[in-house]
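Chain naming follows the written order as A, B, C, D and E, and within any one chain the residues start at number 1.
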């Protein structure tokens, strides 16, 4: 039998190839005990190479392999951000007990696999790649959450994430099926044309399909009411994993969310924008009020993640290029602040015997600046106070919303932010304004991974410092980041206003 | 040098004196401070005379000079100059103020000797004189208000001069707050004037007023005048703003004599006289002034008859006398009013000084029931007291006789319902005679009380424990209240000079204004009131003399009656008191003025405060904040309950969400 | 003929599915799923997708289910009590599922996509659903997805080893259980 | 045989699977129910693929099989790990993380 | 030039954060002094009729149409100067007493100054909003870290309350500001330059809701009745030097915002809601005064008195009358000048009596005549005794309101009497009456005198010629008021 192999644009594909190579290499490393120690180096090398290749492909805008992938501004920008957060996570993972238990190489292999899935997802341009890439990044994450085998929470979070996640993907799959049925196509632009030509823009079949796809994605970016896994998983999973997934998952899912809804489903914006607006509102409220009175820092960040997802979703609702820009900017800012926060938490955990309770932060402001400052900056940024990137991000979102006459959603965001101040500021208050409690200092003996020197480890301090510095820097000189974000938006110029 | 420049100098000296003393109180020996104080005022007095001279040089119609240092404030057409307005009236006031002040300064030089707060006293006193002069020289209403408030402040500072006494501080607070109420009246008046006339300077205002208020008693004009009167009454302790004056006696005696008898309290009269063009356009308001004056003079008289605190008696008599002045300016007897203002300044200051010397001798006991036989103990003081009392009760020939009766004459001369002012005036005069000589007959004659006796024997006064006469509590000598060797009574030269000069003036001061003979005041003030129809008319000389005769009779009879009351039949007062118990209680409780104000104003305001503090803040204000927080928190609780940790319930919620969304979309697709 | 086959298959598939849900012993549920998959494969055949049907039987009923059986056997057949800690779910679960079913059905039946009433395009191109066709598509249009799928299997294997595989440094059950409590 | 019927069948399987996830407590069984949901999706895919006579759907289903397999493997891995840690295999018992 | 003023404090703040602690105070002090000098130079070089001056205008975020544009006009010139003045004694006082973690303290304090100056200088709406939000952050730390738990109020809880509630308004304002820009750009070139926005003119429909977004922010910041729930606790815990500048300057930014943003950009809405705002202001006056003479805690007395004062200021602004607005602006500066020494005096009193409750106090004047006199002057200025510049401020305000609504003017004037009462009460209960046991009546030290007296002297100078300020402000203010006047027609 004969078949004509598709033309392969290796340049465009290079980032994926690099990641795949890295992944395979990592698996090999895992196989041989004597070389395990180089695993982090391999991982970092892979990520850096990928980043380099992505930057090389900065201006690319081509479909790969019969348009099953599309490498363009959107893909490049989001992939870069994903790679950055992965890099941070890898650094934080060094010396993490979970890594040590499952074998560091395996751990990193899973992480790389996840990254690969994400990068692929940012480029996914038809339903099949969409689905497979989504699973490729989710399934390793399920495993990663469970990798701290000693802690019951870890396994529990893993299983919860897996089951709920699978329900989500099943729903997504069914929705895809319906859309495929309605449009008779799997490639995004083809779907758009299929739907319009078939006159099925507002057909029940299509709409239900869209609804189910929306649910599936909403789950991934933890939009209420599909968010409930988030706090549990954030808290239960090993902190480096949380640090990775909190930003990266959102980045990947939002990338495909943008591409699918603004390319494939662009003709029927009027049908879905209200749904998304309502979902955004719900998560803003639920996330913010849920975060109040949390005692676990990671858990609180989980809820705040829900709220932040709500803010970001607003960027899609407006269905304008500016909306995409704003969303991208916000995601980038969110990456920085989140990384800062989690890096600080990792350092703190390692010193304080894996307690991430907010109480254990009392008096840190005096005793441990390396934790206090990044965490403070992160909180201020998440709360959207100047002069941090968070402020500009909100500003950008507001502009996009007002431009598109979604002002009420902007007001919702403002209200949500007001509520959020309560818990963010409480953390800052605990850090700086309460006397140190002895509880925060005494470390459970023999706990693996406890490391009183953590605040001097370069691989922990560097992410914290860089990330928090970035949150401030882009608050004062946002223009570069704005242009960065606009690069993503421009990719869709031909599809949306 | 024209009158205006002299006027500025008049202002300058007291200010300099005050600042100088205040600034150098650490280094300056006490006496020098006193001398500086005196010097400043005397200099001001001299400049005042110079100003008069240079002003009299002018032709009558142009005897008013305005001069402005710089623009004080100017926005949106409302421009205020830092300017003065020099004319006979203001200069007249300047002379009275500076003149009396100089004497009182001299008196205080000895009286306050050995008071720990000596510098403070003279600094304040000079500042007061400065403020008073600013008040009378001010060239526009805003600056007037400034002076107005400054004298209020000075009076506050001096009333609570012995701030160790809670009674004193409370009295000071009372005086200040009531005066601020008056200030508000003035402020609103000024604003209203500006709104109606578009100007704020005296000259301009008086020019434009007739053009704007074409008909008499336009409500705006009346409103302006009434607001002015609020200020005037508050400052001059007229009803219903009179309650602060009696308490103001907490201050050192020279203060009572200067501020609360001679000068500040008469500012209200000056204000009305100064704004006469407005008042003549709103006769209704003028009548209000007169009526209030009348009521006050009667009420205050009744109180003065019954109270037993020496200084308070004189204080109430002051209120009563100011009542006369208000009647005068109210009915248009301007020159008479200001004449009485002058004479009153003389004899009332004198009375206070004498009283002060007695009180000193009594080791600060002010209750006249305890005083007896000071005639022999302190002949000089006694003489001064008698002179003062004579003048006050309008004994023929004394200054009070001429001035008071001129007012009453004018009232009866205007006739019509103005007669009641005449009648009331005579009644008041009778009462005046009674209370002034009540003092004399109670404390001078008879067997000396122990203090007096001690003074006679040792030639020196008792060294009583310094106590607060009001509460009887021990005094803290260091914060300024007389030290051990304070009781120099009348021996001190300073006091002698002060008293004797004033005594002389109280006796002969009236001669400047003998009807038909010397009408100096009238002529002097004429240019100010030249275009006032009321000022133009005079009772004929004969009528004037008739009136004086009546007055003479009343005062003599009154004095005689008083003699009979306290010397002839000492039992009578007691029987009277018993027979007219209710009336007596009413009088002795000062017609319950304090209680009424307390009930009407103080309590409601305090109640409001309590309400705001106890109810409004916790429930409403904090409710707004706490309430929102509570709502959010409870919502958070709900979310957390939903987050049961049960995986299947998570799935359930997802399913619910999905079903709901699909439902919406299905409906949407129809 | 086709109808009969369809309903036969449908009943079998649904029956299997219900059995999976309702049988209380996990072990039986696994077997029930196998049954379900077999019948489903039959229905796949009706949809002209022989290759998928075959894959279904071989990969699924064959390979995957074996893992299930092992695990089910390893962890032992835990009889779960019929009465549920939270009876609410017992009630609402089925109701919601039913609601979802109805909604999708309405969507399908109410759709204006007229073709739904038909058996699909009259004559599909020859060899539709044959291994060749699928293979060609997979290597032409969906190469990347194919690669991804293979990687996915690899990763899944790694993950399984990571989680279930015995590590020399992994703590023996007993004490780690305590650790579990402690954590 | 009209395609609708296949779709209705797939919807039913999907729902049954969902119901199973909601009412069963043994993670192993829940994984089985997830399989049901996926196969529901797969059936729908195939039905449409037949409808349009277009092979993409079939490829898709193949991918679904792979995905399902991987999920199962990881899921069972977790189950085994939990079993090893003596953690009761009952999702209602997994309440360490809550609130 | 303006950039220099704006960033000097920040730079020195960083320096004092980095240098060894014993130099920190010097660095901070130098920073404030340099700022003061620069501000003075600008104020002297200011041309009353020159409109907007020293303009700096650079694109900052072209992507969002935000410019870094500064400028100074009659409305802001003296507020900038006030800010520059107020910080000097605050730093000096802290330095003289010494503080824990000095570097951080001065850093925060000076960041606060930069932010405040920024709010006054910003000519780009979003820049203004940014600085407006930024202001609160350093004070959150200052109050929280160096604050003391008093009367059962913990510093952290009080500060969280404060920042949350003041930012509620700010966030709405952010939305409002964006809306202003976008709506008036109307698809065209997006700009947030205030002047251009005023030019463009907003459709009155959108003005009406945007107005309240801004009003919420400003009223909360002042704070005005009934939005002052956060104020008492924050005042209770705050460290006094920081509180002095906070109360003196930051509260004014709210009022300034009305003049700078609301009146010119939303004239129709201003016109529409004038009465509402007047009533709110009136309520603040009455409530503030009443609370001020009910409370016993000196901080709260001053706090509520500034509520009342800001009520007056708001009243003047919304009289929409030249005299009223000018009076309001003058009053902002006067009140700022009064509050700084007032709070420092409170600190001195606390040092002498160990308490800030006037209940058990008294007699401090005994051995401290100079101290007493200084306090007396401040008190008199607080109650706006005629002859003080404060009086002229209130006089013009009342005049303006009188032309707008006589009834409100008359009721408002009662606030003056209440002010007299609470201010004197505060003075007497501390300085007069018997000296209780344990309190030590100590004369003010030369060092402390040097911090307070200069400001008192400025007050006296202004008392002799408020025209110094009014002369410069009049033109700009009149222009602003004129806009909303036109809207009325």
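In this section, a residue touches a chain if its C-beta (ideal position, glycine included) is under 8 Å from a C-beta of that chain, and two chains touch if they have at least 3 such contacts.
Because the structure is predicted, anything quoted here is derived from the model rather than measured.
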Check: Minimal path length between chain B and chain E through chains that touch?
Finding: 1
Checklist line | Chain-contact steps, minimal, separating chain D from chain C | finding: 1
Next item on the list: Count the C-beta pairs in contact for A-E and for A-D, then report the pair with the higher count.
Entry: A-D
Margin query: If I average the Cα coordinates per chain and compare with the overall Cα mean, which chain comes out closest?
Written below: E
Check: Could you state the distance in Å from the CA-based centre of chain A to that of chain B?
Finding: 79
Checklist line | Cα-centroid distance, chain D relative to chain E, in whole angstrom | finding: 64
Margin query: Need the CA-centroid distance for the pair chain B / chain C, whole Å please.
Written below: 101
Checklist line | Distance between chain centroids, defined by C-alpha means - chain A, chain C (Å) | finding: 29
Next item on the list: List, in ascending order, every residue of chain B touching at least 2 other chains.
Entry: 640, 643, 645-649, 651-652, 655-656, 658, 662, 666, 669
Next item on the list: Provide the list of chain C residues touching at least two other chains, using ranges where the numbers run on.
Entry: 86, 89, 92-93, 96-97, 100, 103-104, 106-108, 110, 116, 141-142, 145, 149, 152, 155-156, 159, 161-163, 176, 180
Check: Which parts of chain D, given as residue numbers and ranges, touch two or more other chains?
Finding: 7, 14, 17-18, 21-23, 25, 31, 42, 47, 49, 51-52, 56, 59, 63, 66-67, 70-71, 74, 77-79, 81, 85, 87, 91-92, 94, 96-99
Next item on the list: For this structure, give each pair of chains that are touching.
Entry: A-B, A-C, A-D, A-E, B-C, B-D, B-E, C-D
Check: In their complex, what parts of chain C are in touch with chain D?
Finding: 2-3, 6, 10, 13-14, 17-18, 20-21, 26, 29-30, 33, 36-37, 40, 43-44, 46-49, 51-52, 55-56, 59-60, 63-64, 67-68, 71-72, 74-75, 78, 80, 84-86, 89-90, 92-94, 96-98, 100-101, 104-105, 108-109, 115-121, 123-125, 128-129, 133-134, 137-138, 141-142, 145, 149, 152-153, 155-157, 159-164, 173, 176-177, 180
Check: Can you name the residues of chain C that touch chain A in the complex?
Finding: 103-104, 106-108, 110-113, 116, 132, 135-136, 139-145, 147-149, 151-152, 154-156, 158-159, 161-163, 167, 169-171, 176, 179-181, 183
Next item on the list: Enumerate the contact residues on chain A facing chain D in the complex.
Entry: 127-128, 131-132, 135, 139, 142-143, 146, 149, 152-153, 155-160, 162-163, 166-167, 169-171, 173-174, 176-178, 180-181, 184-186, 231-232, 235-236, 294, 299
Note to self: List the residues on chain E that touch chain B in their complex, please.
What the structure shows: 161, 165, 226-230, 232, 287, 290-291, 293-295, 321-323, 326-327, 363, 365-366, 369, 373, 376, 380, 383, 385-387, 391-392, 395-396, 398-400, 402-403, 409-410, 413-414, 416-418, 420-421, 424-425, 428, 431-434, 464-467, 470-471, 474, 478
Next item on the list: Sort out for me which residues of chain D touch chain B in the complex.
Entry: 18, 21-23, 25, 91-92, 94-99
